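Across the two complexes that follow, subunit A remains constant while its partner is subunit B and subsequently subunit C.
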Partner chain A sequence: MAEPLLSVEGLTVRLPGPNGPVTVVDGVDFTVDAGEIFGVAGESGSGKTMTFLSLLRLLPAGATVHGEARFSGQNLLTAPAGELRRIRGRQIAMVFQDPMTSLHPMLSIGRQLTDHLRTHLGVNRRSARARAAELLDEVRIPDPSGALRAYPHQFSGGMRQRIAIAVALACRPRLIVADEPTTALDVTVQAGVLHLLDRLRRDHGVAVALITHDLGVMSALADRVSVFYAGRIVESGTRADVLRDPGHPYTDALIGALSHTGALRPLPGSAPGAAERPGGCAFHPRCRYATERCAADDQTLVPISPGHLLACAENPLTRPRKAVAP
Partner chain B sequence: MSVLSIADLHVDYRRRGRPTVQAVAGVSLSVEKGQILGLVGESGCGKSTLARAAVGLVAPSAGTVEFDGSPTTRLSRGTRPAHLLGLQMVFQNPYASLNPRRRVGAQIADGVGARSRTKVRADDPRVAAVLELVGLPTSAAGRYPHEFSGGQRQRLAIARVLAAEPSAVVLDEPLSSLDASAQAQIASLLVELKDKLSLAILLISHDLSVVRQVADVLAVMYLGRVVEVGPTEQIWSDPRHPYTQALIGAVPQPDGLGTLPTALPGEVPDPARPPSGCRFHPRCPEAIARCSVEQPDLTVLVPSGRKLGTSIDTPIGTARSAACWLRIDTEAR
Partner chain C sequence: MKPGIRFVARRLAALVLLLLGITFVTFVLTALVPGDPARAALGPIQGENEEAVRAWNERNGLDKPLPYRYLIYLGNLIQGDLGNSQASNTPVLEELATYIPATVELAVSSILVAGLAGVTLGVFAALHRDRLADQVLRVVSLGGMSMPAFWLALISLYLGFFLIGWFPGGGRLDPALNPPSQVTGLYTVDALLSADWAALGSALAHLALPTLVLAAHTVGYIARYTRTAVLEVIHNDYIRAAYAKGLHARTVVVGYVLRAALPSMLQILGFAFAGVLTGAVLVEKIFTWPGIGGYAYTSAITLDLPSIAGVGLFIAIVYVVVNFVVDVLYGVVDPRIRIA
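Moving on, here comes the complex of A and B:
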């Protein structure tokens, strides 16, 4: 089998807190294959963004990172600064939630699209400009040459996010980390951006790490999904495994909380902050199936079927089904 | 009688040297006691302006808004007529609308005091009762807003509004800054409060999937006009306006099937230069010649498959209506 594009093992991130370091990502393992859309789900504060920021070494000062992260043969966590600079932006690009804050308000779109093309690929001004117009056309911005002279405020939210994606695509990265790329957008505009990401993956084979709390978005795009809770992955598998056949009570509750059929079934309470992570399974105080052993024992991810991993001692959702299987 | 009724409301934003923006261009809606009216639409469609006009924060250029039978005129600085105390508003970002430097109890006591016209202390039992109503512990009164999570802060913002014992509450995107699980919690709190206190609630949101689950009646807005109104489940299961169909089709379903939602081509046009005729016609897949010439009005439709349903006298919002020539020509009464 081919080597995965990105493989992360035992990733642990600690951030300084008022009462000493807090663990925000706690021993996370996952892989992303070339050309795959890898979905990362979870509530805010579950460590999903921190995981990817740590891979690009964009964490705030004082953070410590342990574990291993290999990206096409290079170790991201130990690569020297010069090498890291060649990876960031060129091989791994990032798209953030709010394009108004990720695009520079006082630089023209043309400048923002050509700067790193010239830096990373060493092309001259004219061919960078031509390439930038191509990129805008690729993300379906009307009148690309006019758009190059315009500024971010002249575009709507959906257009700005397309431009941010064009910036990310400029150096033909092999992986795009998209952190809540459609959360700030209207559903109609979101649908367009989802189609765009899907097309990029099909046409260029670019892998996407899609971070989102919207399981509808996840279901539309992701090939595989990992569900984060309190800094750990509690379930991972193919899109169908996780969304159609959830094994973890947390995944099930997330799907149920905003299910499109029937009454609201909100999940009580909120996710614990990194400093107040409960012992045992971190989800046990909110879990309707929790038993004494959930509070006592740490849970580790174990396969329940090929490729479908679950960290749940009680396993209340899959056990009955297994019992009736021949 | 409707608690809050909006009739042919227009709100224009005038800017020197530029065309006037018609943010709200002739909207009629009404909210009844014990009812949640969900108002949905894309950003820039004028729904927040409508919310602000409903409580009197912006002046309408034409039309009326009545609360309990008396008009909500634009508020002047520092004075709010006593009869408007029963009409309250909750804003999108609870952290921006709560005072970060005052304890929660004191902020809620303000509302209780406004209603009772006396000075009320933060340890008043009525403050504790309001906190309990929104599902927060009474100990919350002694804490500051930053000590709470986003969902809890939105509960606080709602508690502060409830302290004034309103009969109508307008909420502008109260869920959009929250996580999926907090959204569901606040959404079910709204339903609970509506039933318990017989509130009339105008809920503004761009997120159809949440509104669908809490609203009794749904109104869909496009570029300053309401294009479809009706009972939520009917609209969801059988949308009649092409725009409503596009909005519902664009919501991705968490069904694990990997189906991409249907994208609606184009963007919301500039409200300063609205298209002629039906404002949706340039993006409409079904537009006919008439659509670009004549503007359709919201018209009560015959329920599909049946001859007669709701009476024509039912209040605006309860009868199934759409503003679309394709439907008006064939289905209107």
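Moving on, here comes the complex of A and C:
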């Protein structure tokens, strides 16, 4: 297999907290291949967003990042600021969660679509605007040239997210990081935005890192999925591996909580904050299969089948299903 | 553009009503001030002469009832007649016209200096929040704000003129020079327009110290306000998104951060400008700057009612107009207001 587009190893992120630094991402490894949709699942606060913000060095002041992150030959974490700036937006673009806040309220859509085009590609004003109109057309915004003169508040949430995607797409990046791109949107417009991301991947071969806590979104789009819990990846593999045949009780619980058939199974308790991460497997206090081993030993990801990695001591789910059903 | 015009028209209508109210208040206040203008004008000896006082009051319309006087005042005002100064007997409007340009020139130059320095320092402090630079700037701006302007004026004149001798001692222009031919009344602009380089240099040299003194007082306010305004917007998603687009840090700070902070800075910039236009009485006096501040001072001690009312009206107009301009600029700066 060819070299992955992005490969992250041992990524650790610490943020300053009131009682000293807090580890929010703890030794995470993953890869994203060119042109794939890589799903990143997990509850809020599990470190998904911090992981990707740290790759573009967009973390709040005082954060420290360790590990390695290679993006097509460059080390993102040690690249000089100027080089990193040329990667941001040009090679790796971001779509943020809330389209109500991720567009500047006082700048025209045209300005926000063209300023990085001009910075990165050095095109003049006229051709940048022509390109911006094409982009708006591509994300299905009606009347693109009128939209260029308009301001964000004149658009609905779904339209704004399409515009934000157009902004991300402008310089034809090789990776788009979409952080909960549909969470702030009405259910009816979510599908449209997801379909758009999928189409862009197919038409332009752009890889998408799709961060979401919504496994429904994941199962519709992702090629591969990694599940985050309390700053670590607890399971990763292909969509079929992880979502249809989950190995980790946490993944299973997430799927159960989502399940549209049968009774809803809420997951007891809530995800631990970064500061109060329990020892051993961080999930053990909420896990119905937990044993003493789970509280004692740190778990590392190990392959259970080719490409399917799991960090679980007991492995209750890889045994035949009927045996574990209560 | 139509809603924009309606927006401006509505604000203008409100402005006219506001000015009417202000004329009423200034008129009543000047009439209520204790003291007898006739005696002040006639001097101690003639002032004892009842006949002379009555004649003076009759000549100046002060024997009529107050509401009637107000209507006369308003009627004259509409025709641009602010009355004659009781001290010099020249029209107040004419006198104001000779003093206002000097004040405007000083105010504009000091707001330019204070605005540039204040915004720059404020942004810098916000970007270096709670670090050394921020702390130092906080102390310095507090110092600037708490230093009385008249004291700063005296000290700077003592140092700059008397001790070092780099700056002229007062006034607007070297007495050996002729003022440049009047177009705007601002010596620097007029000198530029008539390519009179000697006058330009002298006008700038005379402007320097009073400008700095007035600016020093204002720059602290502007810096603090800017810092707060920048800190309010800097953690927004759209700022992070701008960095994520790979824009230069300078573009993000000026084009995105400052742009977002601008609406909340307009108010303080407007008030700072109104402040230096109307509040420079002592600084103008110390630098013998022939501006409106000195005129206000003289009319107040001679109880020259039409002049006092004229100055009051000027100050009111300054605040009303500055507020109006700020309101309109809000609409220009923030597209969300334009539509509403």
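We adopt the following convention: the second predicted complex is superposed on the first by the 319 of 326 C-alpha atoms of A that agree within 3 Å, B and C clash if a C-alpha of one lies under 4 Å from a C-alpha of the other, contacts with A are read in each partner's own complex, and residues count from 1 in each chain.
In the analysis below, contacts are C-beta pairs under 8 Å (C-beta built on N, C-alpha and C of every residue); 3 or more make two chains touch, one makes a residue touch a chain.
Quick caveat, the model's predicted, so the values are computed rather than measured.
Overlaying the two complexes via subunit A leaves subunit B and subunit C side by side, clear of any clash. Look at A:R125: by the touch rule set out above, it reaches neither subunit B nor subunit C.
After overlaying the two complexes on the shared chain, residue contacts for A:A220 are found with subunit B alone; subunit C is out of touch.
Looking at the shared chain after the overlay, A:M159 reaches subunit B, while subunit C stays out of its contact range. By the document's definition of touching, of the two partners only subunit C reaches A:L56; subunit B does not. Once chain A of one complex is fitted onto chain A of the other, the partner contacts of A:L267 are limited to subunit B, with no touch recorded for subunit C. More residues of subunit A are in touch with B than with the other of subunit B and subunit C. With chain A as the common frame, subunit A serves as the apex of an angle whose CA-centre rays point to subunit B and subunit C; its value is 80 degrees, to a multiple of 10.
Contacts of A:T188 after superposition on the shared chain: subunit B is touched, whereas subunit C is not.
After overlaying the two complexes on the shared chain, residue contacts for A:A240 are found with subunit B alone; subunit C is out of touch.
After superposing the two complexes on chain A, the closest approach between C-alpha atoms of subunit B and subunit C comes to 11 Å. Across the superposed pair, subunit B and subunit C touch subunit A at no common residue. Residues 42-44, 149-152, 179-185, 187-188, 191, 206-210, 212-214, 246-247, 250-264, 267-268 of subunit B touch subunit A in their complex. The touching residues of subunit C, counted against subunit A in their complex, run 236-238, 240-248, 251, 255-256, 259-260, 262-263, 333-336, 339. Contact residues on subunit A toward subunit B in their complex (touch as defined above): 43-44, 156-159, 186-192, 194-195, 198, 213-221, 239-240, 242-245, 253-255, 257-260, 263-268, 270-271.
The residues of subunit A lying in touch with subunit C in their complex are 53, 56, 58, 85-90, 93-94, 96-98, 101-108, 115-116, 119-120, 151, 153-154, 164, 167, 171.
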